[in-house]
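These notes concern the structure reproduced below.
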Amino acid sequence: MSALTSPPLPSDDKRWKIVNGTMRKNGYARHALIETLHTVQSSFGYLDDDAIRFVARSLRVPLSQAYGVATFYHYFSLKPPGKHTVTVCAGTACYIKGADKLIAAAEKRLGIQQGQTTSDGQVSLMTARCVGACSRAPVLLCDGEVSGEMSREQMIEQLERWTVE
Amino acid sequence: MSNGDDVKTLIIDDQEVSARRGQTILEVARENGINIPTLCHLEGLSSVGACRLCLVEIKGSNKLLPACIATVFESMEVSTDTERLRKHRRTILELLFAERNHICSVCVSNGHCELQTLAQEQGLTHIRLPYRNPNLPVDASHERFTVDHNRCILCTRCVRVCAEIEGAHVWDVMGRGINCMVITDLHEEWGSSTCTRCGKCVQVCPTGALFDKGKIGSEHPKYPDFLPYLNLMREAR
Amino acid sequence: MNIEELEQIAEGVRQENAQYDYEVNVCMDLACASQGADKLREALVQAAEASGKKVLIRRTGCMGPCSHGPLIRVDHADTLYRKVNAGHAESIVNSLGGEPVPELQCDLNEHFGSQVRVVLENAGYIDPEKIEDYIARDGYKALLTVLTEMTPAGVVHRITESKLRGRGGAGYPTGLKWGTVAKASGDMKYVVCNGDEGDPGAFMDRSVMEGDPHRVIEGMAIAGYAVGAKKGFIYVRAEYPVAVSRLTTALREARRRGLLGNDICGTPFSFDIEIRLGAGAFVCGEETALIASIEGKRGTPKPRPPYPAVSGLWSKPTLINNVETFANIAPIIRNGGKWFANMGSERSKGTKVFALTGRISNTGLIEVPLGIKLRKIIEVIGGGVPGGHTFKAVQTGGPSGGCIPAEMLDIGVSYDALMAAGSIMGSGGMIVMDDTSCMVNVARFFIEFCMTESCGKCIPCRAGTAQMYTLLTRICNGTATMDDLELLENLCSTVKEASLCGLGQTAPNPVLSTLKYFRNEYIEHIVNKRCPAGVCSMETPVEVLA
Amino acid sequence: MSKLKLATVWLDGCSGCHMSFLDMDERLIELAEFVDVVYSPLVDTKEFPDEVDIALVEGAVASVDDEKKIRKIRAHSKMLVAMGDCAVTGNVPSMRNPIGPEAILDRAFIENATAQPQIPCVVVPKLLNVVRPIHEFVKVDVFLPGCPPSAETFHTALTALVNGGPLDIAALTRFGA
């Protein structure tokens, strides 16, 4: 008989049950680590230490290994995202068509570096490794919505709308 | 009993040698007194083929193979010390010295460091590449040991000895690429981690990244060769 | 399910479609969707209702020339309309049965005339969420043929005969790979589809997974039968949510129809597929890293041998092919290996899908027979460089590839010719650059990519790409010396020859190829502190004084 | 045969290499038969001479002054020897690189000052943002690592340089030796 039991849910937040569901579906197998972290991120928006610890203990993955995985994949974020997220595609086609200038303009307007969130938690500025809409380069994702052939002015306009909210 | 197929004959650096099937080029070379430089490899731990210092040339192939992993085959001809290999080895060592802040003169492992010794063996007198000067932490929270990330070369011996031999898996690598770092638990302080305080990681660390607080300066030789004996004893049980 | 039942389903679709007088296919792929294809579709539905005409309005995958989107294909006459918006809906519906709407017609005869569609044969004609649409266009016929009429060895033989080479980049002969996995001993084997399309500037696999997901599933099931695997995984980038949802739907439908699962179509063959999400790591396109990722670990590659064909996922024999490779399987089974081998060049058979982007008039997806002249792709299919600019180079193979200059445009597109030119076929990105692109800056862009995507395991790639980036940055801001250039070239050699996996081994290619063809641009930056394309600002960073 | 003109220079280092040089003791007299020390912290010449045969440079390049000096030395020396780890690798002076000069100056002259905390800005040269080994500024002919290189190393190396004999530096010394 196995003496190993799953750790208790970190809180009574219903989202932990969704997380647990993913692990149960995979029979609490170690290889479900990435799948489960995806569930945590889609449920909570990011991965914090409590979440990683809970998932690692449930799947019996060493803590350092789980942390190693969570920080290896750039899709996972260890910090909460802003209310809005603007993602500039930094794929080759977008780069050839001036994505680097868009990024610089966004950094200047928001006063943050790519990968950061404004201090009021309003906007996160991210870059993506090609969203696959290369024919519409340069491409911007505003809260996941794809806009192509983006000009600097159009982007700033969108950022203005968010920052005055 | 071994049949004829299990014994291979091959040539390493113009020397005819024999080997058992499944042996790595490195094992056979060392058995025959042929030195191939290594850093991430350590007898008693699994091989990862990451440092690329043990790359060797095989006649008939343009690809370089890691001697710590590549196994022998009948009639293979191995060269371990060509100009091409020496050039790559020097560049790899330069990359390591420029990557973090290896200031040998003020290192606890000065004089007992595998990286330093290899640099001398490979004839390195200076680093042509620009130093990267990253700002890295030193974690002295553990009561017995310290980790100085400035001197870590990410060979992952500590990770492997902790997971494979001690069975604790307290160490692992976080991040990726040039931002990789060895961590304990959830990137927590070593002192408050689930470390068993066995100290094996310190003994296998090839540089001054992991060291014993009780020792200073030149009194800090390490003894990583306990591993093969430990494994032998465990197998015998 | 048997061939007859499959035919019944196809007949059902044909009968259902016959109830309609007209057909309008609306491209819902990313590029068109981002320009209001959804609203357009709604407007078409409303206009059709209002007119009383019986119009089948179908959502489809990518039709190809994205720069002309939103695109729709109207009626059985196969008329393509470009730059369509919701305001056109009424006139389109009114024109059905009469003359086409002149202002929406596009003259893309030359664009399409040089293409041959095998992988994309269904693109723009089927609703990717309807398995029946796929079946109506001969879908799953190949799988049933294989299960009822062919031996596994026969399947491997047919694929070998087709001379298909892996479409993921390296071009390893697919038949040989299948044969190796088939011969590997072990009761458990796996089939893995690599859908981790990480090359920036490439979206072929996304379009196939989103526009024709069953084609991939069918190819994988056939592979499973051929190599003796019961279980498959599709590894898809998390950045492709639509592909994930289409594949999920497709898998469910295929199971419902008994085309996946236990005892498929009443034969003893069982096969099922699970989706695994990538999480933003380019290196996971490398076979051994992809395997580590499916196992829930850091995506760091391992030295090969052992090859995954012998020891792969959970140390079991594993067949890994890319999306486009699997998408070629069903047509090869249906039409024969020789049919496929008749297309293409001497050593590169069949067709290849490319994502044509950058400074070119017709951007989008194209499919061409291999061996086609690069010039034909750029000047005829792509319509040349717009805006009065001059063509400078075309980049193929993504971060692992190289830049091919104007004077080499007459080479045929094949694995070997591209390799000889210092680039690679890669997964199929083709990015066109004109005189406004600085080749040093482009090289720096790719090295920055490789630096951030390096897994960090081996030293040459981890620290080498970072050093190359530093040196290229010096060149771009005018602080480099000729010694730095020599250092850069020395690093290229070590990173290329000493790195553990393909990412590192090919990372120097963008630098080496631009050094080969555009060395003068490097020299201009270093010696005269001038960027010929006017891209690099040449501002010395305020570094020296504290 | 006329004697070779030898210069020794002290940039950002601890002078330990010069001490080790002096540790050659009686062998210095032997050396003096072949070389004239024309410029050195150990002699009273103020200006770097126009023509020097061998320049031994101790220390890293840490300030605008160091940079000016090393360029001048290079221009007037036939052979430039990077003497010791500071000159070869940056060594201890370069340990401030990860945090930059401001933090170091603050710590030394403001935080830890007991009287009149202020950062010196008159007469003293400005610090460079990054301390670098000398070969990142000028071409170096011979690298002599070690902290400091031993008197034996100096003797063997200088004898070889003066006589033009073969010299295997890695066999003599290493980083941190």
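Think of it as A, B, C and D in the order they're written, each chain with its own count starting at 1.
Just so it is clear, contacts are C-beta pairs under 8 Å (C-beta built on N, C-alpha and C of every residue); 3 or more make two chains touch, one makes a residue touch a chain.
The model shown is predicted, which means the values in this text are computed figures rather than measured ones.
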Greatest separation from chain A - chain, by CA centre: D
Top chain pair, ranked by number of contacting C-beta pairs: A-C
Inter-chain centre distance, chain B versus chain C - centres from mean C-alpha coordinates, in Å: 39
Computed distance of Cα centres, chain D from chain B, in Å: 34
Whole-Å gap separating chain A and chain B, where each centre is the average of the chain's CA atoms: 35
Geometric centre distance via CA averages, chain C-chain A, whole Å: 25
Multi-partner residues of chain D (at least 2 other chains): 130
Interface hub residues of chain B, defined as touching at least two other chains: 128, 130, 173, 175-176
Residues of chain A whose C-beta touches two or more other chains: 65, 68, 72
Residues of chain D that touch chain B when the two form their complex: 82, 85, 88-92, 94-95, 97-99, 130, 132-133, 135-136, 140, 143-145, 147, 168-170, 174-176
Contact set on chain C toward chain A in their complex: 30-31, 33-35, 66-67, 69, 197-203, 206-207, 238-240, 276-282, 293-299, 355-359, 363-364, 395, 398, 429, 431, 433, 437, 442, 445-446, 449, 453, 455
Residues of chain A that touch chain C when the two form their complex: 29-35, 37-38, 61, 65, 68-69, 72-76, 90-97, 128-137, 139, 145-148
Chain C residues touching chain B - in the complex, by the definition given at the top: 281, 298, 302-303, 451-460, 462-467, 470-471, 487, 490-491, 493-494, 497-500
Chain B-touching residues of chain A, taken from the complex the two chains share: 49, 52-53, 62-68, 71-72
